[in-house]
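Here the chain labels run A, B, C, D, E and F in written order, and each chain numbers its own residues starting at 1.
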Amino acid sequence: MRILVANANTTEAITEVCAASARAACSEGTEVVPATPRFGPAVISTRAENAVAAHALLELLAEHAGSVDAVVLAVSHDTALDAARQVMPCPVVGMTEAACLAAHMLGARFGLVTLGATEMYRELIARHGLSARLAGLAGVDVTPPQVLADPDVATEKVRVAIAGLVEAGADSIVLGGAAMAGMEPRLRDLSPVPLLDGIACAVRLAEALVGLRPAKPRTGTMAAPRGRAVSGVSPALAALLLG
Amino acid sequence: MRILVANANTTEAITEVCAASARAACSEGTEVVPATPRFGPAVISTRAENAVAAHALLELLAEHAGSVDAVVLAVSHDTALDAARQVMPCPVVGMTEAACLAAHMLGARFGLVTLGATEMYRELIARHGLSARLAGLAGVDVTPPQVLADPDVATEKVRVAIAGLVEAGADSIVLGGAAMAGMEPRLRDLSPVPLLDGIACAVRLAEALVGLRPAKPRTGTMAAPRGRAVSGVSPALAALLLG
Amino acid sequence: MRILVANANTTEAITEVCAASARAACSEGTEVVPATPRFGPAVISTRAENAVAAHALLELLAEHAGSVDAVVLAVSHDTALDAARQVMPCPVVGMTEAACLAAHMLGARFGLVTLGATEMYRELIARHGLSARLAGLAGVDVTPPQVLADPDVATEKVRVAIAGLVEAGADSIVLGGAAMAGMEPRLRDLSPVPLLDGIACAVRLAEALVGLRPAKPRTGTMAAPRGRAVSGVSPALAALLLG
Amino acid sequence: MRILVANANTTEAITEVCAASARAACSEGTEVVPATPRFGPAVISTRAENAVAAHALLELLAEHAGSVDAVVLAVSHDTALDAARQVMPCPVVGMTEAACLAAHMLGARFGLVTLGATEMYRELIARHGLSARLAGLAGVDVTPPQVLADPDVATEKVRVAIAGLVEAGADSIVLGGAAMAGMEPRLRDLSPVPLLDGIACAVRLAEALVGLRPAKPRTGTMAAPRGRAVSGVSPALAALLLG
Amino acid sequence: MRILVANANTTEAITEVCAASARAACSEGTEVVPATPRFGPAVISTRAENAVAAHALLELLAEHAGSVDAVVLAVSHDTALDAARQVMPCPVVGMTEAACLAAHMLGARFGLVTLGATEMYRELIARHGLSARLAGLAGVDVTPPQVLADPDVATEKVRVAIAGLVEAGADSIVLGGAAMAGMEPRLRDLSPVPLLDGIACAVRLAEALVGLRPAKPRTGTMAAPRGRAVSGVSPALAALLLG
Amino acid sequence: MRILVANANTTEAITEVCAASARAACSEGTEVVPATPRFGPAVISTRAENAVAAHALLELLAEHAGSVDAVVLAVSHDTALDAARQVMPCPVVGMTEAACLAAHMLGARFGLVTLGATEMYRELIARHGLSARLAGLAGVDVTPPQVLADPDVATEKVRVAIAGLVEAGADSIVLGGAAMAGMEPRLRDLSPVPLLDGIACAVRLAEALVGLRPAKPRTGTMAAPRGRAVSGVSPALAALLLG
């Protein structure tokens, strides 16, 4: 099975980190295919960057349409998730949605911890219709560079945040963002409930979907586009939209 | 006051129709500035096209940043609305959101009628957090060409759909999509409740916002981007993202 | 355009303050018509007073039916809003609803700050179906007299409350109640996000509605009453209810 | 135990019908005290009438404050329910809220059937926060006079409506409005699920509340008003508001 | 009237305490019939124990089917409530649901205070569809033995928790769990809002339902089982399931 | 990997059908371990049977605790799901929850079709917090025997029901109940959107969870019971509850 692990920003180093996580998490026999968009934001941290990245990501996916069995969006914003599902002939999984869905199977309610602001995650989980079992979100006031500079301090702050979410009723914790994923080995023993890394969840759920061999919708908003005329996009994406 | 009426597809004729609606609806002294993206879909009817159009629309808006007092997104999907709000220094109004907000001031609940499928509108209104007062959506099984070919038949079908929504408790009806807007003069007398055209509502609410002179957020997810590095976008958009 | 600015309590001084705010906020060419009920509470601070004020307010509006283009309810409880919409031939806008609707166009989520208790605002926003994008409410423990006696202390307390709401995800802040409106000039520079004054929002949105020339519903719960027999009310209101 | 059965319209005949229902439903030892407002609508069927009736009803209740053990609001709109709860020293029960609460104890979900439009009931149940277990509402197209003229036809129409609600998942049916209550004996055997009459439910739940001897709130929005100055109301109501 | 007060754990002493509460709360003429399951958990504090207790409780109820007028489930988890309603020929009331329903009639919103964790109550109230008017839950970090050892300390902690819920908007407080019920006399004067004991509420509401003489549903998920073959259960329960 | 496929009724034939489905759906290398409770309902179709089956199912699972890597509950009611998650040391997946979660990854909204009544599924999906993306439920008026007797008629009725759900916005269809699963091969080509069989989804998602190696919660409502005394249960379950 070949799973495309598609970064949505243009930073190759992040693609590599995500691919390594995916390889560590996948089943034997799964091949991880890393990919980076040819344009767009170096890192996504605003709504406008996310919108540009959506276009870039769709072009990236279009190049691999038909040659992979599933796609994992290696971006915590689940950028372009619905559009990618419509346009691709194979299952597409978003890392934050995947972690939230896995959390549904591990307990009654879940929390999410991230570095920095939580607003985008609150909005994303609401848009996914998955707020009902969300116990809370915690944003830890640490930057990724600070994590590298003083990992013990950062780890302790995150541990406290996790403890607060557990107190609020979380039976598991989604780690929001790539920086959090890197902290997982340190956190695992410090957390009283399971931690969910988005890349790992997405890869395993993508494998599960491939195993289910779902038919492609032939109607509705997830049916493959046909006969759509779009200018200024890559030939591969244009071809997908033409059908 | 100068209001940018920004189409999100590349079809100039639709831009012109929307601009004409905007001019018919605006206050004396308001100047309507029509604009069309330089790339993207000819018409948006899939999720992937909407994602590409979001990028194209942001580039279009960036060209006018600082030279207009407000922006009306002349696209019923409210494409890129949040990103546009963040990136632009002036108020940005989406036509479907505007019509729904106006409906809140005209009665208890509202309905929405459109030609074709309603799913995208249901999703959009939910994402806007405005479902609580939605009495229902009705999709009329008529295509825009059929409207032109036999307007009486189309009008009668829409009239029946409106009557059904009113029966379900709608005190006003949002007309979803450009094709519906064109039918408004014929429908006005046939509807027992007020009809809301998205372009008209958006223009009037944009004027209202300009009059309120709201400050630009300095923090949070709507604060102007600063120092963001994004490749492969127009110089104007790149400049806005740099801050 | 003539806009009735209708207070719902019997304190003329408050009517005058609201009318002054309305005049400061309205478009050129808009005439503000202040009005005060002939009976009811001096100030509304209980549910029972609000119920009595609803009756008094409807009598007040009935006197102006046909002679104004729109009505702004100058009362933060949006007293009798739905009944006023049904009975009046012109648009009616409530100041808190208006501020919340304007907030929808300025960001993703909004907060509300007020002096004293927040419970009535929580309930009101829920009843309006506008809770989905509410980030939080903050009640500042300061009375209007204390605001006058020591404005710096009061301002600082409100500033802290606003900062808390912004931390909780608010992209704009609705100022709840007349006392808050008076503090707006001091607060404007201290707030990192835009502040929304109910009277200003209501006046501008009322102008927008008048510009849209919406038809009056001919059926449903917002259609004008006909043939209703009500004793013990003013001749003007009795006439409106008779149709 | 003395229970005030307070009509909210001025039609004595309706007061008598409600009082008779209350007497038929109450426990041995309960005394039913019927009461009719001195002003207001003959029948409530618009939002404005409901607002006027709220004032009239509060004046009516104020006359009995201290001399009754509980109040039943004999009006299907639950007019002024929250204000009455705040102002009265004893429990106050609304007939529609009571029927919905009783329905919660008889099954998973419930329906509501009424003559005429359902919109006001949908809104009322939502305002009460009781929509989660509402399976549906059905408005039967029959007027009260038609019920009297041809009861068999009316009964059959209601029976069909009830069957539809049961099909939609209702385990019990709330009868909305006084006219429905009169039909209950005919309907009882025709309905596959229990029927809930608002007056009967309200009387029995009022008795239950009296038996629980709940303390009066000393703070919050349900605490008794103190020191409120309100002009143009009856001396009894003015006294209650003064505290 | 005979009301079965059915404990769901096997601890007779708790049955006796609940029966005493029920006798103190019931109307004159009501006979309280205490009952304890023959197997199951000594105390329910996990999900698995609750599941086992559901079976045991149904067997217990089956023994009394036909010989009591109503059932009160004397367990704060409202264990097996829906199943008991379906299988029994008389009304069945759960103590936590009953207290929440009573709270609806005493104010706008309510809170719940308990000793220990609140998660199970949050879930239960959500499952009952009664979260809309829930102002908050407070878990006090005191064990029942500590309550006995140092009641003043425990009472003070609970008082602080109640004050917090009132601050958050609660107009009444549901006392969650048997241990809380025992503290009610001490708390009554310390609370600014009414306290609701589950057993008392359940007994009074059960009496109210009996007075309403509701028909048993003949269809749907609350109709009595017929022809069901179940092995390994008591003869009485097997008989009820056979119909 | 060993996955326990645990039936919740006592009918061995159904266990075998589910085990066969599981074997057809699982990955290479997964061993399916079928199991049937020693007591309880022959088929679950009432709330009381479901409650008894919960106890029986927990006893069944307890026998396999430690000897399997995951559990699939082969019962469309997701009987005892939360309790099983708490008590077992390995992941536990419910077949209806699993199908709904898979549906989240295949489109925007999903529908559910079943033979007979839909009420239990509506309730179950709401309890799982997964109603937000539910487009609708359809109950087909066909019994399992009728499916066997005239499969073409039954298939056509189900096809029509699926078409209706797709019209209502479903991008995929959950097949509710064992009888539906058997119809899947016939339906696959007739459905315009993918069909989701609960057993297949549960097995694949169970494999995914095992691959993620989630830690067992050490606190909260999903932590393993310790020191619980429960009489009248099997030694294996008693041991698990003792910890």
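Note that a contact is a pair of C-beta atoms (placed from the backbone, for glycine too) under 8 Å apart; a residue touches a chain by one contact, two chains touch by 3 or more.
Since this is a predicted model, take the numbers as computed values, not measurements.
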Most distant chain from subunit A by Cα centroid: D
Of all other chains, the one whose Cα centre sits farthest from subunit B: E
Selected from A-C, A-F or A-E, interface repeating B-C by over half of its contact pairs: A-F
Subunit B and subunit D, separation of their C-alpha mean positions in angstrom: 43
Inter-centroid spacing, subunit E versus subunit D (mean Cα positions, whole Å): 27
For subunit A, residues that touch 2 or more chains besides their own: 82, 85, 108, 119, 169, 220-221
Contacting chain pairs - touch in the sense defined above: A-B, A-C, A-E, A-F, B-C, B-D, B-F, C-D, C-E, D-E, D-F, E-F
Subunit C residues touching subunit B - in the complex, by the definition given at the top: 25, 27, 82, 85, 91, 93, 97-98, 101-102, 104-108, 128-133, 166, 169-172, 188, 191-196, 200-201, 204-205, 207-209, 211-212, 214-222
Residue ranges of subunit F in contact with subunit B within the complex: 108-109, 169
Touch list for subunit A against partner subunit B, complex: 10, 38-42, 45-52, 54-56, 58, 80, 82-87, 117, 119-120, 127, 220-221, 225, 228-233, 237, 240-241
List of subunit D residues in touch with subunit B within their complex: 118-119, 122-123
